[in-house]
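Presented sequentially are two complexes of chain A, the first with chain B as partner and the second with chain C.
And now, the complex of A and B:
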């Protein structure tokens, strides 16, 4: 993997909220085509780390480069990077007042300058890709949670991103809908998408992840491929964590 | 006591003149007030600096003083300060514009601030520029959410115009009083005026009720 291009590079990242240190000297990188899953107890800084990579959080120390661009950069540069790095949130965050179609075409039309028919076609393709092509004219509140999250993934795919950031994409879902969202993510990974996934789904991390990061107290304590991550736990806190979630 | 419909059939055009004045005052104070409200709202949303402090003061000031005081003050005190007397109707429109500005600014602010922060983050994460986020993500749902409060305030505004009769603006209540004085048919004219206010305001109240129910239903879905 290391010979591939670095897509996300975090060096000594520090993030504080007042006196609380959310990220404490975090360094890691993600290469093109890699799927990196981030696990750990809540409050460990997983989501914060992911959000800093999209400029949704400012950092107080260290550097982050995404697709060769120093973050956050100017407003224009940040917007450009965000168009190339898709993000999926725990709470879907669809635009409730817009149809699924409008949710999907808004960004490509207003930022990439796509014409309406190209954007419509791409919307249909994106929805087909996540298996809900027949829902294009519905509104978000007419869909189940799993469907809404798949729309959110399709919306991110509309920008044809080079990397996708998933922030606990299945944590807000009813158990029976987790599978359909993970299936979509599995397909994306199989198609070679570079992905950073904050998740509590150990099965998914084990099966799809190329590397798994274990975070606690704002630090990355373990960074291992799945086969060693689960079988040869090197860290006491990871052992405790795994005994609770597995 | 006999209710004399006859006197109404003779004098109703004067009441309609008053209705016209009422509606005209509402229209102009809304027009000027809403424009001011946009600036006050932006000032309050800015959260700091001189614009913020001025907006907070203006909104709090004109929301707290009673309408009657505001109306008399503008009609009577402005001439003392500036040496020029505004007509009663202009004074009334000015006073009510300030009332509209302060109240609608708060309604707008509440509407904008109830935007789901997650939707803002989603829009930002797609690289959508700020002005497009405002136009497409923030404002449309905010307008929908603020519509009940806005229409509710509109009903207050319509009622507040009746206070302008005290400075001699020839709106509906003033006309009813004048006609009452002339014909001694106070009850008839005030009843007519009450009926007209009801006809104006009740549909708006119904709208508010339905719009609120719709918003609640949306949230629950």
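And now, the complex of A and C:
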């Protein structure tokens, strides 16, 4: 794995909110094709870590490089990086006043300069890929939560990203819809997508993850492949955490 | 016992209702009784017919002024609201100063100031109508910017995050992502503000800008019958203002239905 190209590289990252330290000297990297799952108790800084990698949060210390680009860089550079790194949120964040089609084509048309028919075709392909190709002319609130999250994934795919960041993509879903979203993510991983996934789905992390990071109090305490992560816990707090969630 | 209590309660309620009704009737009757019936019965509205063209023209001017206030107000107000979102302190202070100035001084003072003081300062004289339009547009933009600001703040935070994460350019973010849902929540306050500025145009009559209230004054001077024309003008303002709120309610229901249908 380590001989592959580094896609995301965090070195000694520090993120503070006022006097509160949300990320405390975090270093890690993600290589091309790798699926890294991030777990940990609430408030441990998982979302913050993901958001700093997409420039949604500024950092107070350390460095982040995404796809060889130092973050955040100029405004143009930041926008370019964000187009190459797709992000999926817990709350979907679809634009409710636009149809699914409009949600999907807005960014590629305005940023990549795609013409309408190419964008439409790509929208159809992306939706087919997440299994809801027949919903293209509906509006977000006509869809179930699981379908909405799949639209959000399709919208991120429209930019043909090289890496995808998922922040608890199934946490806002009814239990019966979690599976359909995880299936889509599993497919993406199988197709070689580089992914960072914050999740509480331990089964998914174990099955799909190449590495699992355990975070607590703004630090990465454990970074292990699944087989050792679950079977040979090296950290006391991880043992406590696992005993609660498993 | 319980039945008795209930009976007492019911009869007590009845007594209160009867007393209230009687009082109301007495007040109205006293009012009607004391009316100056000579004057009332001698009111002659037919004489206004020959001023119909002037009245219609005046009302047209009122509508034009309202339209100017609302359209320019929304446009400028939106720009002000967007400027408030830009993280640049001096600009924010400037906008706040502007909005607070125009919201917290009477339109009458602004009007007179713009018409008489401003030309002295700038050396550029303005006609009554230009001063009137400037004053009402400036005040409208201040009020509308507050409405637009509230509308923008009602847009879910996720819309901003998603457009950032997708790398959507700033202009597109405003025109396609933030403003459309913002304007949707703004419709009821925008309509109220429209009615309010429709009525405010009457104040411009102090500069004789030729809107309905100015015309009303002229007619009253010509006929020596102020009551008739003032009553008619009040009626016109009322009917039109009421029509605006009615249609607004229609639009709201229609939109709610469309949302529900989705």
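In the analysis below, the second predicted complex is superposed on the first by the 246 of 246 C-alpha atoms of A that agree within 3 Å, B and C clash if a C-alpha of one lies under 4 Å from a C-alpha of the other, contacts with A are read in each partner's own complex, and residues count from 1 in each chain.
The working rule: contacts are C-beta pairs under 8 Å (C-beta built on N, C-alpha and C of every residue); 3 or more make two chains touch, one makes a residue touch a chain.
Keep in mind the model is a prediction, meaning the values are calculated, not measured.
Participant: Please tell me, clash or fit, for chain B and chain C sharing chain A in the overlay.
Facilitator: Verdict on chain A: clash between chain B and chain C.
Participant: If we overlay the two complexes on their shared chain A, which of chain B and chain C does A:121 touch? Say first, second, both or neither.
Facilitator: Neither partner.
Participant: Go through the superposed model and pick first if A:240 touches only chain B, second if only chain C, both, or neither.
Facilitator: So A:240 meets neither chain B nor chain C here.
Participant: Looking at the overlay, what does A:228 touch: chain B (first), chain C (second), both, or neither?
Facilitator: A:228 sits against neither chain B nor chain C.
Participant: Is A:12 in contact with chain B, with chain C, with both, or with neither (first, second, both, neither)?
Facilitator: neither
Participant: May I ask you to decide whether A:63 touches chain B, chain C, both, or neither, giving the answer as first, second, both or neither?
Facilitator: Neither partner.
Participant: Which residues would you name on chain A as touching chain B in one complex and chain C in the other?
Facilitator: 54-56, 78-83, 86-87, 89, 91-97, 106-107, 110-111, 141, 155-156, 159
Participant: In the complex of these two chains, what residues of chain A are touching chain B?
Facilitator: Those residues of chain A that touch chain B are 54-56, 78-83, 85-87, 89, 91-97, 106-107, 110-111, 141, 152, 155-156, 159.
Participant: Under the stated contact criterion, what part of chain A meets chain C in this complex?
Facilitator: 54-56, 78-83, 86-87, 89, 91-98, 106-107, 110-111, 139, 141-142, 155-156, 159
Participant: With touch defined as at the start, can you tell me which chain C residues reach chain A in the complex?
Facilitator: 156, 158-159, 161-162, 164-169, 172, 176-177, 180-181, 184, 259, 262
Participant: In the complex, go through chain B and note every residue touching chain A.
Facilitator: Per the stated touch rule, the residues are 116, 118-119, 121-129, 132, 136-137, 140-141, 144, 218, 221.
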